[in-house]
Amino acid sequence: MAARANIDVERLLAHYRAMARIRAFEEAAERAHQEGHVKGAVHLSIGQEAVAAGVCIHLKREDLITTTHRGHGHTIAKGADTGAMLAELLGRASGTCQGKGGSLHIADFSIGMLGANGVVAAGLTIAVGAAHAVKLRGERRIVVCFFGDGATNRGPFLESLNWAKIYELPVLFVCEDNGFAASTRTRAMSAGPGPDARAESLGIPARTIDGNDVIAVDEAAGELVERVRAGAGPQFLLARTYRLKGHTASDLGAYRSAAEVEARKADDPLKRAAELLKVSGVADETIIAIDAEARAEIAAAWKSALGAPWPAVELAFTDVQDVRMPSWR
Amino acid sequence: MAARANIDVERLLAHYRAMARIRAFEEAAERAHQEGHVKGAVHLSIGQEAVAAGVCIHLKREDLITTTHRGHGHTIAKGADTGAMLAELLGRASGTCQGKGGSLHIADFSIGMLGANGVVAAGLTIAVGAAHAVKLRGERRIVVCFFGDGATNRGPFLESLNWAKIYELPVLFVCEDNGFAASTRTRAMSAGPGPDARAESLGIPARTIDGNDVIAVDEAAGELVERVRAGAGPQFLLARTYRLKGHTASDLGAYRSAAEVEARKADDPLKRAAELLKVSGVADETIIAIDAEARAEIAAAWKSALGAPWPAVELAFTDVQDVRMPSWR
Amino acid sequence: MAVMSYLEAGKAALAAEMRDDASVWALGEDLGRGGVFGQYRGLVDEFGPARIVDTPISEATIMGAAVGAALLGTRPVVEMRFADFALCAVDELVNQAAKARYMFGGQGRVPLVARQPIGMWRSSAAQHSQSLESWYAHIPGLVVVCPFTPADNYGLLRAAIRCDDPVVYMEHKDLWAMTGEVDEAADLPLGKARLVREGSDVTLVAWSGVLRAVEAALPLLQDGPSVEVIDLRTIYPWDRDMVLDSVRRTGRLLVVHEAVATGGFGAEIAATVAGALFGNLKAPVRRLGAPRIPIPYSPPLEEACKISPAQIAETVHGML
Amino acid sequence: MAVMSYLEAGKAALAAEMRDDASVWALGEDLGRGGVFGQYRGLVDEFGPARIVDTPISEATIMGAAVGAALLGTRPVVEMRFADFALCAVDELVNQAAKARYMFGGQGRVPLVARQPIGMWRSSAAQHSQSLESWYAHIPGLVVVCPFTPADNYGLLRAAIRCDDPVVYMEHKDLWAMTGEVDEAADLPLGKARLVREGSDVTLVAWSGVLRAVEAALPLLQDGPSVEVIDLRTIYPWDRDMVLDSVRRTGRLLVVHEAVATGGFGAEIAATVAGALFGNLKAPVRRLGAPRIPIPYSPPLEEACKISPAQIAETVHGML
């Protein structure tokens, strides 16, 4: 890989660190699922880490995000505790949601993470609503809404983008286009030039980038976040990437060839960032150390999660509603 | 109004006749509602007749349409019997739907009219489904889907257009943009350049025309219908028009000035067609005779509808379902 | 005490809450022009378009945006126009609003009110007349309210807005014009039924618009059995205590609702009471509701779906 | 007679109908690759992509398009993946499919089948585990089927596809792998329950996945009361006759379902039976269902939402 002009090595190292942490988390989650520790479905973002890292570096703690079923990366990049996240996957009381949500419903309101979602495209309406509240109260924070390419074929995509634009809400829409919706190539099911054209037809400026190039994501997201903060209304980022693993941790991915996946591994965002770091003069050991540190963090998180207590059964009956709460037996 | 080159006077007379029949029907419906004969809501298409006439002239009996709450015009232009339609508005057993649907649910399957709809944008999914069946069976007929500008802000708009395009279905989408969704100016609630841009972002070629110019509608629809018949996939027609009456027959339209409405009357499609006929050499008497004939048809229809029997109460219990039909008392 | 219509009472309640609490706002189609029935008329003048928000025809996003805005601590009042159109927003209400607090382990709450006008009214036909309160009563996390009087529409809408749980608030379209006394100082709790009238022979539980038929049935029973009438008001949580106490005294229960009888909430009440007071009932619990047919347009057919006063009176007589 | 899994039985039923009737087709996400649970695996090879149709993630239009296609006389089998996602298509199912024939005065019919897998399965949590059969039973125009055995999944899916009414067809996700004998020649009618086991002391009515817990409870009752078990199979129209006949003999009824008890279809059955057999019951009708809480993710909490064999046995004992 050729050297790139004006690389901010420190910043790229930060990106690499974020991506390595996500990767280590996802690998642990995959293993945990395969070994039967995680009972519910798990959707891994391996290969897509650059989007999470490149976007979230621009966010403050008070900024908000919503994400999808494939949301571990965004959640980590926004600042959630990996130990609490793993505990959530394991269904333990110390999980981000006390074990009541699992991977599909991870949320951490303390860092502005308003929830993953089990329903494709449902996060879009919630994100614009959060942005609506932000604007209503005259706050200065912004909302980033992550969703997949498949979600752009559901009605709430149109409705939410239209909504964000007519009220000029502070939202950045980030479409993470990994080429697939479950076992289906999204292209076969999506008419027209693409999600960016759809956004533009709804009055929202759109940029399309190589989502596996963390620097490109960083730059584009920086510009768009800036615009959103400046009150320019909603913006749209289309990040092209690739899902290196199955749709869920139990999907073998028979709908695509091993050769295709193998070829795409050359484009692995971590690998690309590592190469760029090296040609920018960063020592191999530094990179190896970051990887090791990330793995160590997750190993510790895993250990603590696995040792965490199960929720008491009474917990199933809390936080349902206040007006006549149900009680256990 | 200046003479227009190459006017097909016979065809324009046919349009005028179709529009006059719709106008007479709508005026009768309005009166019937005001006088309390029609109990349910009635949405009048007065001022929008050119779209119905100009599009439906291209359709054969076996072609199919779906329409909206404001569907009388399309239904008449497709060939429904005005007497049965008025009887339906009156809730009589001889109505198109035996009085069980009313204005919001008028349908006449015998002429390929698959139903009005009480839910905005719901007709779009039904239309693409009908087109899907047509294609599945290798039939040659086409489907025309009428809907309003307000409907383009509902999710099914995106989903249905995408659907029609990915399966290359024989559908012509006709967006009748009358500027309003109930009491709201649609423009204020719709981001982006417009419905045509949205269609194009979904891969569907779109044309925008003056929907009060029946010749323009005829020409554009002719071309698009031709393309659909030829297997070129879905097409989109955006017809700009204006609703001269209230949203419903009981809406006084306080959200717009009388002056605005007055000014728009100059653009009344019937008036414009009549003027064009006159400058093309058609005698006043001919036009007056067409108007009179239309009014006479509707007067007769009204008389027969008003004299038609109410449905027997047992009819409330038929056509619900076959597996354990409910019965009366 | 002021005399208000049911419609005005709802409007006054919303206005009062909006004055008291800057985090309350309303959103829906045509609200700036008063809403489809005029139940928001004038509010935009007092509160401005940022708090009385006109929306596109995007029911799913109206509801979903309210969820997002509620999670941030605002109190959105969602107008669905007709309960039937809320069927375009069921994922947002049932999968998101009702479950968010729970799924997220209590990190957030969804204090929204989803106003869903219900009921048969002027030949509105199959897609503008449904009463689906039993659906929402079945969904964990939702409170369901069906006010009948202007006083209740005032007090319960205020309570619903103040409630931290998502509330499905179902006004009946045929009641908008009905007037009554409203005590604006009264504090009405959710979950408490209203004793309309005392009686000793039969307990009649009903809610929403059908209570008019109940009122009209009472004179037909004047010299007959003594009927205790309870307006349930809140469908979930329903006031089991008041109903059970009453049936314990009368020994007979008739539940009347406008919704389809099969799978209506009357079934829940009937099953609960028949179980709890087994052996202490003088007659089988009876339920009256609509036949299981879509609501027809034609006036005489629509009439056939409605519970009539005569039918109520006859049923009561048949229980003795 | 062949031994098949519940999943294979469903697939075989669809294939058989597709062979018999060229107007039958299926549509949904990922069907070409077998569907989310493999219940369509291989069908595209036999029937091609025009009849086993892969769709975008557009639930509203999947259902709505099926309505349009059904109105033209084709027989679409709609795959919703999880019943929870069908909540994105409620307008299309409830306002359109269920009502079209009626509103249009019988001019058209909507012979579609909406497959909506239900139930708790492997910690699927609140948005992938719901059982909402009582919702659809409340909607005029809809038939609702919840098969339990492979034989029923075969026979009832065939019957559902042949039915001219729209059918909500709810397979239970936890049953896919369960095997059993399937008589491919048998003709199963909609609306008829299945007598699982005769008994004389208590009638137990249940359907779908929870019948496994019922099966497991029976040994716990071996030396105790004699339980007659009825698998309802069709929720609407439910087999009143079989249930009433049975309870007339046993004098006791327990209804068990996985769905939330409050407003569940058990309430309809309980209310009907308690009313019809008033004075002839030996014990109050009992209902077991989930508590009114969203379904939690954590395995021990999910377990707490499920009806256990012990709970069933205990309840039966308590009725004697």
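Some points to look at:
For reference, chains read A, B, C and D in written order, and residue numbers begin at 1 within each chain.
The definition used in the following text is that a residue touches a chain if its C-beta (ideal position, glycine included) is under 8 Å from a C-beta of that chain, and two chains touch if they have at least 3 such contacts.
The shown structure was predicted, so the numbers you read here are calculated from the model rather than taken from an experiment.
Traced through touching neighbours, the fewest hops from chain A to chain D number 1. Considering the contact criterion stated above, the chains in touch with chain A and with chain B alike are C, D.
Chain centres here are means of the Cα atoms, and by that rule the chain farthest away from chain B is A. Interface comparison, A-C against B-C: more C-beta pairs in contact at A-C. With centres set at the average Cα position, the gap from chain B to chain D is 40 Å. Distance between chain centres (mean CA atoms), chain B to chain C: 36 Å. With centres taken as mean Cα positions, chain D sits 30 Å from chain C. Of all residues in chain D, those that touch two or more other chains are 55-56, 58, 60, 84-85, 88, 91, 95, 102-103, 125-127, 140-141, 236, 291-294, 296-297.
Residue positions of chain A with contacts to 2 or more other chains are 95, 97-101, 105, 117-119, 153-156, 159, 162, 166, 188-190, 320, 326.
Chain contact topology: the protein chains form a complete graph, every chain touching every other one. In the complex of the two chains, the chain C residues touching chain B come out as 29-30, 32-33, 36, 54-60, 84-85, 88, 122-128, 291-294, 296-301, 304-305. On the chain C side of its complex with chain D, the touching residues are 84-85, 87-88, 90-91, 94-95, 98-99, 102-103, 125-127, 132, 134-135, 137-141, 236, 259-260, 262-268, 270-272, 274-276, 278, 281, 283-287, 291-294, 296-297.
By the touch criterion stated above, chain A contacts chain D in their complex at residues 39-41, 88, 91-92, 95, 97-102, 104-105, 117-121, 150-151, 153-155, 181-184, 188-190, 254-255, 310-311, 313, 315-317, 320, 326, 328.
Listed in rising order, the residues of chain C touching chain A in the complex are 23, 25, 50-51, 55-56, 58, 60-61, 63-74, 76, 91-92, 95-96, 100-108, 140-143, 163-165, 190-191, 236-237. The touching residues of chain A, counted against chain B in their complex, run 153-159, 161-162, 165-166, 188-193, 197-198, 200-204.
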